[in-house]
Amino acid sequence: MTIRVTVWGENVHEQKNRAVAEIYPATMHGTIAAALNQAGGISAGTVTLQDAEHGLTPAKLAATDVLIWWGHAAHGEVKDEIAERPFKRLMGAPCNLSWREAGERERLWVTSRQHPIARGLPDHFEIEHEEMYGEPFGVPEPLETVFVSWFQGGEVFRSGLTWRRGAGNIFYFRPGHETYPTYHQPVVQQVIANAVRWAHNPEARLTDPNAAPNRPVGQTLEPVVERGPRLHHDGEAGLR
Amino acid sequence: MTIRVTVWGENVHEQKNRAVAEIYPATMHGTIAAALNQAGGISAGTVTLQDAEHGLTPAKLAATDVLIWWGHAAHGEVKDEIAERPFKRLMGAPCNLSWREAGERERLWVTSRQHPIARGLPDHFEIEHEEMYGEPFGVPEPLETVFVSWFQGGEVFRSGLTWRRGAGNIFYFRPGHETYPTYHQPVVQQVIANAVRWAHNPEARLTDPNAAPNRPVGQTLEPVVERGPRLHHDGEAGLR
Amino acid sequence: MTIRVTVWGENVHEQKNRAVAEIYPATMHGTIAAALNQAGGISAGTVTLQDAEHGLTPAKLAATDVLIWWGHAAHGEVKDEIAERPFKRLMGAPCNLSWREAGERERLWVTSRQHPIARGLPDHFEIEHEEMYGEPFGVPEPLETVFVSWFQGGEVFRSGLTWRRGAGNIFYFRPGHETYPTYHQPVVQQVIANAVRWAHNPEARLTDPNAAPNRPVGQTLEPVVERGPRLHHDGEAGLR
Amino acid sequence: MTIRVTVWGENVHEQKNRAVAEIYPATMHGTIAAALNQAGGISAGTVTLQDAEHGLTPAKLAATDVLIWWGHAAHGEVKDEIAERPFKRLMGAPCNLSWREAGERERLWVTSRQHPIARGLPDHFEIEHEEMYGEPFGVPEPLETVFVSWFQGGEVFRSGLTWRRGAGNIFYFRPGHETYPTYHQPVVQQVIANAVRWAHNPEARLTDPNAAPNRPVGQTLEPVVERGPRLHHDGEAGLR
């Protein structure tokens, strides 16, 4: 089964910043998608902020198994009715952190032995030039901590974290500042391909993820005799 | 230290529905607050949907240590700029479930031995008339499962769950359908008082929960020589 | 890739109890293995308490990807040097519960939508005759709660739970009392096959899961000048 | 309510190693207990490996609310019938890691904002000379990650982690190599006092943490008619 991936990119810095454009002549989202298309079993395409509906039409989402979201400068330009800062929205938390842009060394350590997202990786790997993100990282406790980063300037960061929301698996991956060639690094491409395979849920999609069905008295699994006052009629739609 | 509690109530059914008004002549939020004020070490007040800014003014929130939210029929009437369905917002998930209003028996079982929220409780207790909520409950995996409910009609539900978001502790408690006298039951009042004490974080409040401070190169904890291109100037506010 | 499963059975009641022998003429472990061998992509065999080293020789374990453990009456007869009550050992907790043997109805509800272990299942299923296990269940908080059971006598139980230990995935499944034909029920066989596929970790096995390597000063990733007193010599084996 | 703490120490290096004896003339466990006795609301005593039953008599444990365990060189000398490497036993996992003894700088970052164990701490603090422990750390996923360490040599480590087992709260704290004056550092003493207060469970102790009571048919909460064959008689002790 081929996993269908959509890579969403802001596509702002690639167009406006010469340094970024030189590092990523094919854009960051394009570079990520190209690497995924080489990984095997994955078919990846791209959409951007500038596309109609930011590229996230119902038809596109229906044909997407795993969505990769690259956001940085233009979070505020994403229309709420399309996708309201999806990571913060899924976390229900500020997701804040400290940061520094100095091209310093980052070293990621695997913290969950033999995790599918760490498949084929050594126990640590380095990115020679990266932006620093520092703890505390304002996210909910994760299901799993897969990577923790060491930074040259003295900070640490939980750089690979997993959560589940509904039937969906979420992986947060820290690296990828636009002024450094991070997405050209094979080990980073490997992490992203691993994460796509891990996140993919082959089960049939839920028809209505918000369904809140009434189970009326006449159809209970065990006998129930209705008692007391009530607010709703049988089969009525639930309050949401 | 007295814990300052604000009980938020929709205050809709108490005003419009005769059955509810008869069970809760002092309203549901008023009943909950009165019980908390008897519990010791807690000072509880109430606000409602109908108050200006739904009662959730900055001054009120600044004077609130623990917020209790009772929502059911009027989720949609809460203005987004005040509080956008706070539980769903904190969960980042649909929070959906199945339901039935038949006044059936619910029995809650303690699933976490000696948890502070189960303090002084037997290993199970019954609510003779309740609405049924059934699994699957569309919430993220909790930190802890404190109660699981058995329903007469054959369903189960994870009725007491905890999460943390930022510096805040969250407890979800299922029972409390407005047409039944649940909040008059001493064991339910005990759970709510226990949960208030558990949720209370005595630490100083974060001045800015969204702060994302820059750590400039000249002030690093370990020596860093800046390298490579950059997007930001020193001390600049981070992208959010 | 075929997943190699070893089903470990006590094989006590099948030999000594006529009722059990009539329900499971091929033994319980044999019934489970036969169902797995029909499931596709799985090659299952069996070993028992009565085998030399309880069947768990180093060679057998080396050829086992997923181990299924059925224990009940003879936990105490398993030699500690072979396998010391493996579930309790992995949990680090009492794993105790309340129980009743009355052939009552159990109904399992899926609590994690579209989880791989619930693949192809309805949102609930019934086992008409089962032993009751009741909460509180003395296990650590799980990574995921996949099933919660309703019992006719009024109890509930978290019947499907996951954990990880090292590189291994653990699934606990409650049903399967030996005097009832639970393992002949197709939906139960489906859960077990799903769980085998979920638990299987295709990564290369760790050579030494207890390795605690020294990283001597001369080989650090970043420059370190040794300072202060020390207890160990370079390259010395760590304390365990 | 005064929290009764017992600090267990190996008391080996303090007696045999001159460097350790000079740093800790009052022993490490004695230093920790003395600091706790200054913290307020805590009454701390010490026991050692060399005491009869390693000091962990039933009477001592009955009078202990929180146990602090300092183990390093002599894990193997603790008799299994007294306490079988309690941390590994509670984790059910290897708890292995990489290490280096070079007196290098460790910097601990708070990763859970306003957590009770981080009470009164800055967002990071340094220990100028410490042993390095490196990831991957072979423990189960924690309930909460409270501290992550940065090491001068390039490694990271999850240095403050919480779990629950039964009714007990567990906190793992990494620092404290015996050849460095870590336990004299006020911020470390603060962490330990915070952790004691956090771990303390004021609920009545469970009489029998392993109790597995039978709930016989005649005393069910809901009507049950016994059906099918059975193995046990009413009221019989459960299989463990």
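Think of it as A, B, C and D in the order they're written, each chain with its own count starting at 1.
FYI, contacts are C-beta pairs under 8 Å (C-beta built on N, C-alpha and C of every residue); 3 or more make two chains touch, one makes a residue touch a chain.
Model, not experiment: these values are computed from the prediction.
J.: Between chain C and chain D, two copies of one chain sequence, what rotation angle (nearest 5 degrees) aligns their Cα atoms?
T.: Fitting chain C to chain D on C-alpha positions yields an angle of 180 degrees.
J.: At the chain B/chain D interface, shared numbers over all numbers used: above half (same) or below half (different)?
T.: same
J.: Of all chains present, which has the mean Cα position farthest from that of chain A?
T.: Result for max centroid distance from chain A is chain D.
J.: Approximately how many whole Å separate the CA-defined centres of chain A and chain B?
T.: The mean C-alpha positions of chain A and chain B differ by 27 Å.
J.: Roughly how far is chain B from chain D, going centre to centre by Cα mean, in whole Å?
T.: A distance of 31 Å separates the two centres.
J.: If you average the Cα atoms of chain B and of chain C to get two centres, how far apart are those centres in Å?
T.: Measuring from centre to centre gives 35 Å for this pair.
J.: Two or more other chains touching the same residue: where does that happen in chain C?
T.: Those would be 107, 112-113, 134, 138, 141, 143-144, 152, 154-155, 164, 166, 221-222.
J.: Residues of chain A touching chain C in their complex?
T.: 107, 112-114, 116, 119, 124, 143-144, 152, 164, 166-167, 201, 203-204, 206, 221-222
J.: In their shared complex, at which residues does chain C touch chain B?
T.: Residue list for chain C touching chain B: 107, 109-113, 123, 134-138, 141, 143-145, 148-151, 154-156, 158.
J.: Please output the residues of chain A touching chain B within their complex, sorted ascending.
T.: Its residues touching chain B are 13, 17, 19, 72-73, 75-76, 89-94, 96-104, 129, 132, 134, 138, 140-141, 143, 152-155, 163-166, 178-180, 209-217, 220-222, 224-232, 238-240.
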